[in-house]
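These are the structures in question, set out in turn.
One chain, subunit A, links the two complexes that follow: it is found with subunit B in the first and with subunit C in the second.
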Partner chain A sequence: MSGDFRRSMTTVHSWAGVMFGSLLMVVFWMGSLSVFDREIDRWMMSDIEAPALNHDSLSQNVSLDSVLRPHIDELLAAGARQWGSSLPDERTPYFRFFYQRADGVFVSEKIDPHRGLPIGNEGRTGNETLGASGFFFPFHFRLNLNWKGLGHNLVGAAAMAMLLLLVSGVVVHRKIIAEFFLFRTDKSFQRNNLDLHNLSSVLALPFHFLITLSGLIVFMSIYVPDIGRLVYTDKSDAWGAFYAEAADTFRRPPSGRTGGLASLDAMRAKAEAHWRDEVGFIRLRHAGDANAVVEMGRQVGGELSWNIDKVYFDAGSGERLYATDIKPMMQLQRFFVGLHFAQFDHWPLRFLYFGSGLLSCVMIATGFFFWLATRRRRHERQAVAGFTAVEAVTVASTTGLLLATLGYLVSNRIYALTEVPTPRALFETGGFYAIWLLSLLHALGRPLAVACRQQLAAIVMAGLAAPLLHFLGGGSASTPGIGAEQTGVAGVNLGLLGIALMAWWARGRMSSAVRCEAQMPGVGA
Partner chain B sequence: MMDGMERPTTGSKRVESQRPGLRWARLVRPACATLGGYFLAKLLAMLLGLALAFAGMSESEAVVTASMLSFLLYLSLLVWGFAGGLLWPRLLVLGLLPALLWPLLPYIARTGL
Partner chain C sequence: MSALLLSMLCNFLAMALLALEQDRHWRRVMSDAPRQRRSNRRLAVVILLVGLAFCVTDESRGFAVLYFAMGTGFAALVVAMCLSFCPAALRSIAKWSGGCRAPATAGSALSASAQGDLTDSNPIGRPAAATIPRSCISPKSRESANGKL
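This part shows the complex of A and B:
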């Protein structure tokens, strides 16, 4: 490798890192949290959804006809055009139901599998929380910026930057194997920081690369929407034409005559016999029409690949109309999607994903701090404009992001314990953004090390406060129980305590490092 | 091009001696690599999809194959674009080539417009 090539890759590595570091930090942090989104959902709902939580709610034991049907009939009478629902499973013991109202708007709700009623609207209006799956998860892939696909495209650009950062990082890092075993705990904070950057990068390199590539592949319809333009000559909707063929979709137009709905349980039994696997999702199109179609999708927890296998039924008679057959390359795409979403039933793997995601966060944060430290002196001497801002953004996107996340969870508990009049989702997301903004303002007003230490102290407090508030205000669900449903919630509490502990440790480590370097000018940063 | 992380203290002289015109010239390479790379990667992927469809792969399979490979194509072009060396080959391949080929796409499409 020529020196020239390595030098250019070094330049690219630092520039792409500075430009996309904050964004990547947000994406990887939110992605890591999303691995346990259902558990965090349950933690956040522990004061409202207690009745639904037990093993009878597993899909095999729930009759669609007796539980869902009355609710559906009510919606159809009100003019709903289509509806769909995922079935309850171990991690999500309720129906995640959606329907399209007569005015075209899509509404989603959680349905209690025992009573067939929406969960979360009892007692208080606006009591429904977005949870982790409605806030952290969309934050992960579109930053909750929906304007003209801005969020999606920013995340896509960051993902390409991440791939470039990984390639250039490997080129920059000369002794990739030799230095892998090198961790100089006795040296300066700066040396430590670089060793930690190298260790987290190399240790999880396959993960960093594959999770980023598969993330791009998940959204290929957004990032490279017109690849099919030469193959499918229908210019208006090349992607639609592609997807209909690739997913082997069955569609038929509405007839205009009214029609009924046969037994959903019977259709489910037929679909399950066809795959020898469980149904995970149902949907009805052209609701109320004689040509209405019931779509049953195979569950995704059984294998690595995220399948899109479907069986279609005539809604009126319950006759099987069509079963999909997905071709090999599309199955490869579904494999990448499954690899990214990690929805398979495998707890050790889920923890491995979470740990690797956190390693990505460590890699990004340490890279950032390394860049800042190597440049601080030069930039201070030359008074480079904006350097303080970059420092503040770095703090806001590392410790500030953690603090905002904890703020979201603490707001959730404060809402449960008090009589706040605002809708719950607004109160919680407001807490998140307010704390994030405060962390940025806080970091703008003081040196990097001081801002970091103070925010780490705040993280310790918030990490202790959240489980405490949960214990105080858990409502009926906080009554002791050692079932599977309680393990997830307990795990979230343990995780929060873990965050507090790590922040405590990092704070102490930073203080001693700063003291150390203040005594030895010229060493390290 | 400025130094990276290897010798952080030696870059100051160069920054100071830079003429204002050169600052803009430094944006040419990143623009070529990111924007030009994106359009060229997509173009190559489109052509690959077309070729696979002609070779007998079913249409949706050709498109999904090309779409998945497009990200790796883009990554390769990014690395090449940002690698050191002469600027003009990058300008030609990443800047000019997609600009020339893009208007021709309707004539290459499978069954014309």
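This part shows the complex of A and C:
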């Protein structure tokens, strides 16, 4: 490989990393948290009278007609156009229900599988939390920026940059095999940084590549919008036509006549007999119309691919109308979707996903810190404008992001323990953004090493405070279920303590590096 | 689940064998200059395949391959951390793979350290290793240099 090519790749690696590193850090951190979003949801709902997970609350033991039907009838009487729900399972022991009101607005609710009532709003207005699945998960793929698809497109650009970084990184790294297992703790802090960057990059390289590529494939209709129009030139809704053909969806227009709703349990039994597998999702389109269609979706936890197998029923009679036959092209896309979302019932794999996601974060953070440290003296000497700002953004997107995440969880617990008048979701998200902004302002006012160490100290305190507040808020008492539910909540507490421990270790390591820097400039941080 | 654990153990063993193929890691684990010894690469590949077989027996093909691929990376990370923080943990594997060796002498460990770790490529332009203050080198490294391992 020629030296020129390697040098040019080094330039690409540096600049792509500097420009997109912060964004990538946010995406990978939020994505890692999303692997355990349901468990974090349960942790954040600990003070709410949530349904206990037991044998009766699992989807196959819940009667849709007796539990959901009364609520559905109420909504239909109020003019709801459509509704849908995922069914309870071990990780989510409640219906995740949504409906479209007569004015077109979508509303989401959590329905207790024992009582059939929405949970989260009892006794206190605005008590419902966004949780991890309502905040961290969308943050992961659209940064919660919905204006003209800005968030989606920024994340897409970052994903493309990530692919570029991975390819250029393989070219730049001269000794991939020789340094495959190498992490020298007895060297300078800067050398530690580079070793850790190389180690986390190389060991999880297949993960980094596949998770990025599959993320782009998931949103193919957003990132390459014109492909559908090129193929389906005579269709006004090109992507709709594509999905109708590839995913083999069934649609029929409303008739304008009033219609009823047959037994949902009977329809579910027919769908499960068709697949010999459980139903995981149910939806009613054209509610209240004689042409209303009930759509039953197969559960997705049993296999790697995220299936979209559906059976359609006539809502009035309960007769089967159609069963999908997914085309190979769509099956390939669904394989990548399943690979990316990691919503399968496989705990060891989910932990490996989580660990690999954290390794991605380590790779991005160490790459950033290495780049800054190697250029600090030169840029200070040359008085390069904006270097301080880059340092501050780096701190805010690494330690600041961790601190903001912990702030979100601590805000959730403070809300549970106090009488805050604002809606819970607003209080929690306000806490997240305020702490993130403060971390940036804090980093702007001091050297990188000092800002990092102070923010790491704050992470240690927040990491210890969150489980303590969870305990004080009756966290353990209000989750009477046994098994996955309590294990999940306890796992979140352990994870928080683990973050505190790692931050404490990293702070100590940085402190010793700074001492070395004082004794011998160029060796330490 | 037990098959998945066995698979992970196989991955760890194979990765440890591959790591110990490198003189630098051998010295770190055994505190001894590497001598002529048989290559264990083929054995490591066979153990990896056994690990894959354990996965396939316990899971569907999709999950098995994904678990195996990710588990191999995880095992390599654990081996790397063992080499960094607790190299003695790999000593039994090293002995099994390469036969027993004589304990290190002060001279051999010091020379190994000087030849290997302290003269690596230096892309960041730091000062020569000999001039680094002792307080900036971890106690473990100092012990290694004194031949106490």
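Assume the second predicted complex is superposed on the first by the 504 of 525 C-alpha atoms of A that agree within 3 Å, B and C clash if a C-alpha of one lies under 4 Å from a C-alpha of the other, contacts with A are read in each partner's own complex, and residues count from 1 in each chain.
We take it that a residue touches a chain if its C-beta (ideal position, glycine included) is under 8 Å from a C-beta of that chain, and two chains touch if they have at least 3 such contacts.
Quantities reported herein were computed from a predicted structural model and do not represent experimental measurements.
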| field | Superposed partners subunit B and subunit C on subunit A - clash or fit | value | fit
| Is A:V172 contacted by the first partner subunit B, the second partner subunit C, both or neither? | first
| message | Once chain A of both complexes is superposed, is A:G301 in touch with subunit B (first), subunit C (second), both, or neither? | response | neither
| request: Would you sort A:M9 into first (subunit B), second (subunit C), both or neither based on which partner it touches? | output: first
| query | Which of the two partners, first being subunit B and second being subunit C, lies in contact with A:G473: first, second, both, or neither? | reply | neither
| query | Does subunit B (first) or subunit C (second) touch A:P118, or do both, or does neither? | reply | neither
| Three-chain overlay, vertex subunit A: subunit B-subunit C angle, C-alpha, nearest 10 degrees | 80
| field | subunit B versus subunit C as contact partner of A:T374, first or second or both or neither | value | both
| Should A:G488 be classified as contacting the first partner (subunit B), the second (subunit C), both, or neither? | neither
| task | Give me, in Å and rounded to a whole number, the least C-alpha distance separating subunit B from subunit C in the superposition. | result | 6
| note | Both partners, subunit B and subunit C, contact subunit A at residues 374
| Contacting residues of subunit A [partner subunit C, same complex] | 174-175, 178, 180-188, 190-191, 194, 199, 203-204, 206-207, 303-305, 339, 344, 346, 348-349, 352-353, 355-356, 359, 373-374, 512, 515-516, 519-520, 522-524
| Where on subunit C does subunit A make contact in their complex? | 1, 4, 15, 18-19, 22, 24-25, 59-60, 62-63, 66-67, 69-71, 73-74, 76-77, 79-81, 83-85, 117, 121, 123-127, 131-133, 135-138, 140-141, 144
| message | Which residues of subunit B touch subunit A once you look at their complex with the stated criterion? | response | 1-6, 8-9, 11-12, 15, 30, 42, 45-47, 49-50, 53, 57-68, 70-72, 74-75, 78-79, 82-85, 105, 108-113
| Residues of subunit A touching subunit B in their complex? | 2, 4-5, 7-15, 160, 163-164, 167-168, 172, 213, 216-217, 220, 223-224, 226-233, 242-243, 245-246, 327-330, 332-333, 336, 370-371, 374-375, 377-378, 381-382
